[in-house]
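Paired with chain B in one complex and with chain C in the other, chain A is shared by the two complexes that follow.
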Partner chain A sequence: MVSDGLLVLVPPIGFFIAQFFYNNQLLLLTMMLYVVLAQGINIIFGFTGYLPFGYVGFFGAGAYGTALSVIFLHVPAALAVLLGGVAGVLLGALLSPLLRLSGAYFAIASLAAAEALYYLISNPQVSAVTNGPYGVNLSSVYNSGAAYIAAVALVGLAGLCVVWVRRSHFGMSLRAIRADPLSARMAGVQVVRARTYAWLISSTLAGLAGAIYGWAVSVFYPEAVFDLSISVFAIVFALFGGVGTVLGPLLGTIVLFGVYNAIGISQPQYFQLIYGVLIVLIVLFLPNGLLSIRLRGRSRVK
Partner chain B sequence: MGSSPSGCVGGLVSSSPALRIAGLTRHFGGLPALDGIDLELARGEVVALLGPNGSGKTTLINVVSGIYRPTAGTVEVMGRNATGATPQAMVKIGLNRTFQSPRPFRPLTVRENVDVALRHGRARDQSREEVLELVGLAGKEDRIADSLNSAEQKQLDLARALATGPDVLLVDEFAAGLRMEELDWAGKLVRTLAAQGRALLVVEHLMGFVRQVADRVVVLNAGKPIFAGSLEEAAHDTRVVEVFLGGG
Partner chain C sequence: MLWLFALIAGVLFGLFYGLAALGLNLIFGVMRLVDLAHGDLIMLGGFAAVLLFDHFRVNPLVTLLLVIPPSLAVGYATYYLLGKRLRGSDDPEMMSLVMFFGVSQVIEAIAVIAFGNNEAAIGSPVFGSRPISIAGQGVPTAWIISAGVGLAALGLLYGYLYHTGLGRATRAVMSNLDEARAVGVDPDRISALTFGLGVALAAVAGVLSIFMIGGTSPSEGVGLTVTAFAVIVIGALGSPLGTFAGGIVFGLALMFTQTYAPGWSGFAPFAILLLIMLVRPTGLLGRTVRSV
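For the complex of A and B:
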């Protein structure tokens, strides 16, 4: 059994080394940010059962939080990235009343919130602040090497968060809530409060991911950082690997994102078809994710 | 109300009852499921709640434990007003309950099930071992709750409630479905829990079990208390006999 320390340390080290063997640094960086988003989905969905379709809202908030910090506050890039994380957690706090809704309504409401934020930021009437639909330019702080290192660190942080949630008393409470919210209340657990903490951790991770993305690409448009397919991919990667585990979302992202790019490069005309069929097959045959193969094997032994 | 079902039974009710329910009423869509229930329980006392199906026994437990808000009336726990408190608040004030069909945290181990309640309850000096020993689950700490049989799941549900350190415990059909040899043990457990200073309100259908554990009984019908007293008196009460034998 691999220890948690290794699970936290190996992915960032692996990604750090990978840049010396693979020349498409932006692709690796994007993969890392998807690992972070998938782990963020893991924390909120895997441990509370709440599926945020509007998860990309935090990513966009992080990207714009960073951009506006650079443009208006003239702070150094590293601080701007942290402020992007702050933007994510503030949006999470603002949306935390949604956690009083039941699952399906929560999913839809979070989607609506992300769309609303997108239209707010891309509105030409606020272009004095956000530059509206014309996007932002951070070329003054552009540093792809440093952004890559920041993403490596964020992958480590995301792993640490998941290991902590999984091993801590807090995580135990979350699993109890997920198993039976009513019993959890009768065990004295503050159900809404515990869900809110998970939600804030998750929104911070997505905010930081968006922040690093904004820094790394340095020029972006609102539709790029509020693209709903970012939510969808993060959710699919997390589910493919298996939520509620530490390793699942990591493996899910590496495998599926890898396949995604392989198909996209070699067979672009069949991309949607192959990818769609793949997802249907996964849902049919591996509803609990890749890691369930291992777990299934283990329970058979017992 | 001169014929309050509480207070009239010997010297068992002390000056400050562990649980005092007054005029408790709950409507569902205009229909009264509970209609002006008065009840007092002292520490160390076991009161059995009887009544036909649909008479409001489980609804009473759900309202008192904070799962439903009362439409009217008050709930006091250990002298503190707890009317309309949430389940979490009830746990902190010192009241807990078990579920008719047990609701343990199924994917979690027995150990984790108890630990959640120990951690979020009010009795942090209590140990997991004590609780599991008491309910008869010692040695099964590593079992997944879902793999327990139904009697064990009831024991675990009770362990979850006890681990929060309640002064008042509402027990919804703990004996139902137990085998004969388990019934005697369950009866002794209920008496032990009371002897340790808790007040227990138990909902039961098994009269043998009620005779073994209850100091007195309260009979509900259609959301109203129709009798309070000893089980022997209840058996000779015309209203009670009518309700149970389906007359009138």
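For the complex of A and C:
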């Protein structure tokens, strides 16, 4: 219990303190949001084995949910962020029939869903609602300090979700499903329902992350919040650190995103090359991520 | 008549997309590996065509044939280097998804370093500038040729799969790996060969892509991969005919929306994909698989 509490509390506290040591708040904020996204992937992939390539769709939905709440409903920022999260969970509910599909089909279908949503939102003909391809402007509610705190809180929430999924009865059902869906079904586990809950938790986290992003940057275009590389980064960070654990995605994000910002911005193609090689090496030699090195020695009941 | 042109163009583009997706389909059908780098392989084929034309005046139709042997070799080697290890892992599908994404990043990065970021195209009309007339609509010659190559590839593939020993062994591995092993088929050799075929098909599609898409650039790969996947998933993973059916559905959707509702042309194909997935989860021509 104590170690779980530490796992949940230490990262947010760490990020909170970090802002006083490192000037670039936006960078830290982005890193925190990637931690949240990686934890979201952790929950859906680490515990159900489904890999949503279109995960960014929820991020974009959250960003636009927030934007539309501010522009049309004139709500204060905090409520707008929550509504962004609602947009995420609504989209997740809408797409939950996709969970009937198997592995690769699911991955591609979720990608198609994210792309469809992007094209829908950026269509000039719906400009009246979403301002189409011209982006949205939320500067009226700009508050970088508050947005930072919100991100810190979200990191804590994400950690809490992962710990809960791991330790709870629900988490055990998920692991049973991942190991052998048929046997789990025979043992009475509600397979589809369990998967759906994991999916909804995961989509809410991404929606909230998108909402905070929209709030923090306050001016954004649809390409930015529906960028497929967001999904991919989140997946790679989670896999690199180790899915199924609490700290894995956090570690993966800090290391890889940190490296990306240290060397990647100036020479993007060389970074892309190193990144790609790194991914190939991870899959070939460390498929369970960095944390598996530490856990390799002792036998664990998984 | 606008719709007639959309129909013809849709079918022709559909055959091209089918060809582009065919290699991906083979690779997944035989090895259950998800080759996310496929679009980048197509992109490389396109660059091969442009570079050979620009520097040596090689006709793209010749390039089409020239790229086949090196692609076969590269695919064969890649299987033994990368694919074989994945097969023995817990979750080859997902792992290959991620790994080939890494490969695609590597290919894209090297392409940018080697060719720069700009679009490369073949300037002069290689196949003659007069369009061919079909049912009264003028259609670029290149599109007809590309569709022809696509159909030829489909025919050759069918011939290979159903009338040769290696093809039969390939189908055996596709349907049941263990049983194939039990009758003496070497799954590694077949897989490597199939991977080579997949890469070769991508390269051929790449040469044609110059004419269908108008050019190529290092960032073209991602869009092509997504399209190829959409096509396969619409058709059915593992079925070559399904790939072409999926391609034609995709091509028609794209062309008709481009003609009648241009703003929605990006949205429509993906919306159709989602609808088909929800109604028939294993694709238009897929076999229904019992699942929990």
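Throughout what follows, the second predicted complex is superposed on the first by the 291 of 302 C-alpha atoms of A that agree within 3 Å, B and C clash if a C-alpha of one lies under 4 Å from a C-alpha of the other, contacts with A are read in each partner's own complex, and residues count from 1 in each chain.
Note that in this section a contact is a pair of C-beta atoms (placed from the backbone, for glycine too) under 8 Å apart; a residue touches a chain by one contact, two chains touch by 3 or more.
Everything quoted here is computed from the prediction, not taken from an experiment.
A.B. asks: Taking the superposition on A as described, I'd like to know which of chain B and chain C A:Ala151 touches: first, second, both or neither.
C.D. replies: Neither partner.
A.B. asks: Contact-wise, after the overlay, does A:Ile279 reach chain B, chain C, both or neither (first, second, both, neither)?
C.D. replies: second
A.B. asks: May I ask you to decide whether A:Val162 touches chain B, chain C, both, or neither, giving the answer as first, second, both or neither?
C.D. replies: After superposing on A, A:Val162 lies clear of both chain B and chain C.
A.B. asks: By the touch definition at the top of the document, which applies to A:Arg185: first (chain B), second (chain C), both, or neither?
C.D. replies: The answer is both, since A:Arg185 touches chain B and chain C.
A.B. asks: Can A:Ala176 be said to touch chain B (first), chain C (second), both, or neither?
C.D. replies: first
A.B. asks: Touch test for A:Pro287: chain B only (first), chain C only (second), both, or neither?
C.D. replies: Only chain C; A:Pro287 stays clear of chain B.
A.B. asks: Look at A:Leu250 in the shared chain and tell me whether it touches chain B only, chain C only, both, or neither; answer first, second, both or neither.
C.D. replies: Neither partner.
A.B. asks: Looking at the overlay, what does A:Leu99 touch: chain B (first), chain C (second), both, or neither?
C.D. replies: So A:Leu99 meets neither chain B nor chain C here.
A.B. asks: More residues of chain A in touch with chain C or with chain B?
C.D. replies: Counting residues of chain A touched by each partner, the higher count goes to C.
A.B. asks: Jot down the residues of chain A that show up as touching in both complexes, chain B in one and chain C in the other.
C.D. replies: The overlap between the chain B and chain C interfaces on chain A comprises residues 182, 184-185, 191.
A.B. asks: Could you list, by residue number, the parts of chain C that touch chain A in their complex?
C.D. replies: Chain C reaches chain A through residues 28, 34, 82, 85-86, 89-91, 93-99, 101-110, 112-113, 222, 226, 229-230, 233, 237, 263-264, 266-267, 270-271, 273-274, 277-278, 281-283, 289, 291-292.
A.B. asks: Provide the residue numbers of chain B that touch chain A in the complex, in ascending order.
C.D. replies: 65, 67, 86-88, 91-92, 96-97, 99, 103-108, 112-113, 115-117, 119-122, 157, 160-161, 163-164
A.B. asks: Given the complex with chain B, which residues does chain A contribute to the contact?
C.D. replies: 169, 172-173, 175-176, 179-180, 182-191
A.B. asks: Report the residues of chain A in contact with chain C in the complex, numbered from low to high.
C.D. replies: 45, 49, 51, 53, 97-98, 100-105, 107-109, 111-113, 115-116, 118-120, 123-125, 181-182, 184-185, 191-192, 228, 232, 235-236, 239, 269-270, 272-273, 275-280, 282-284, 287
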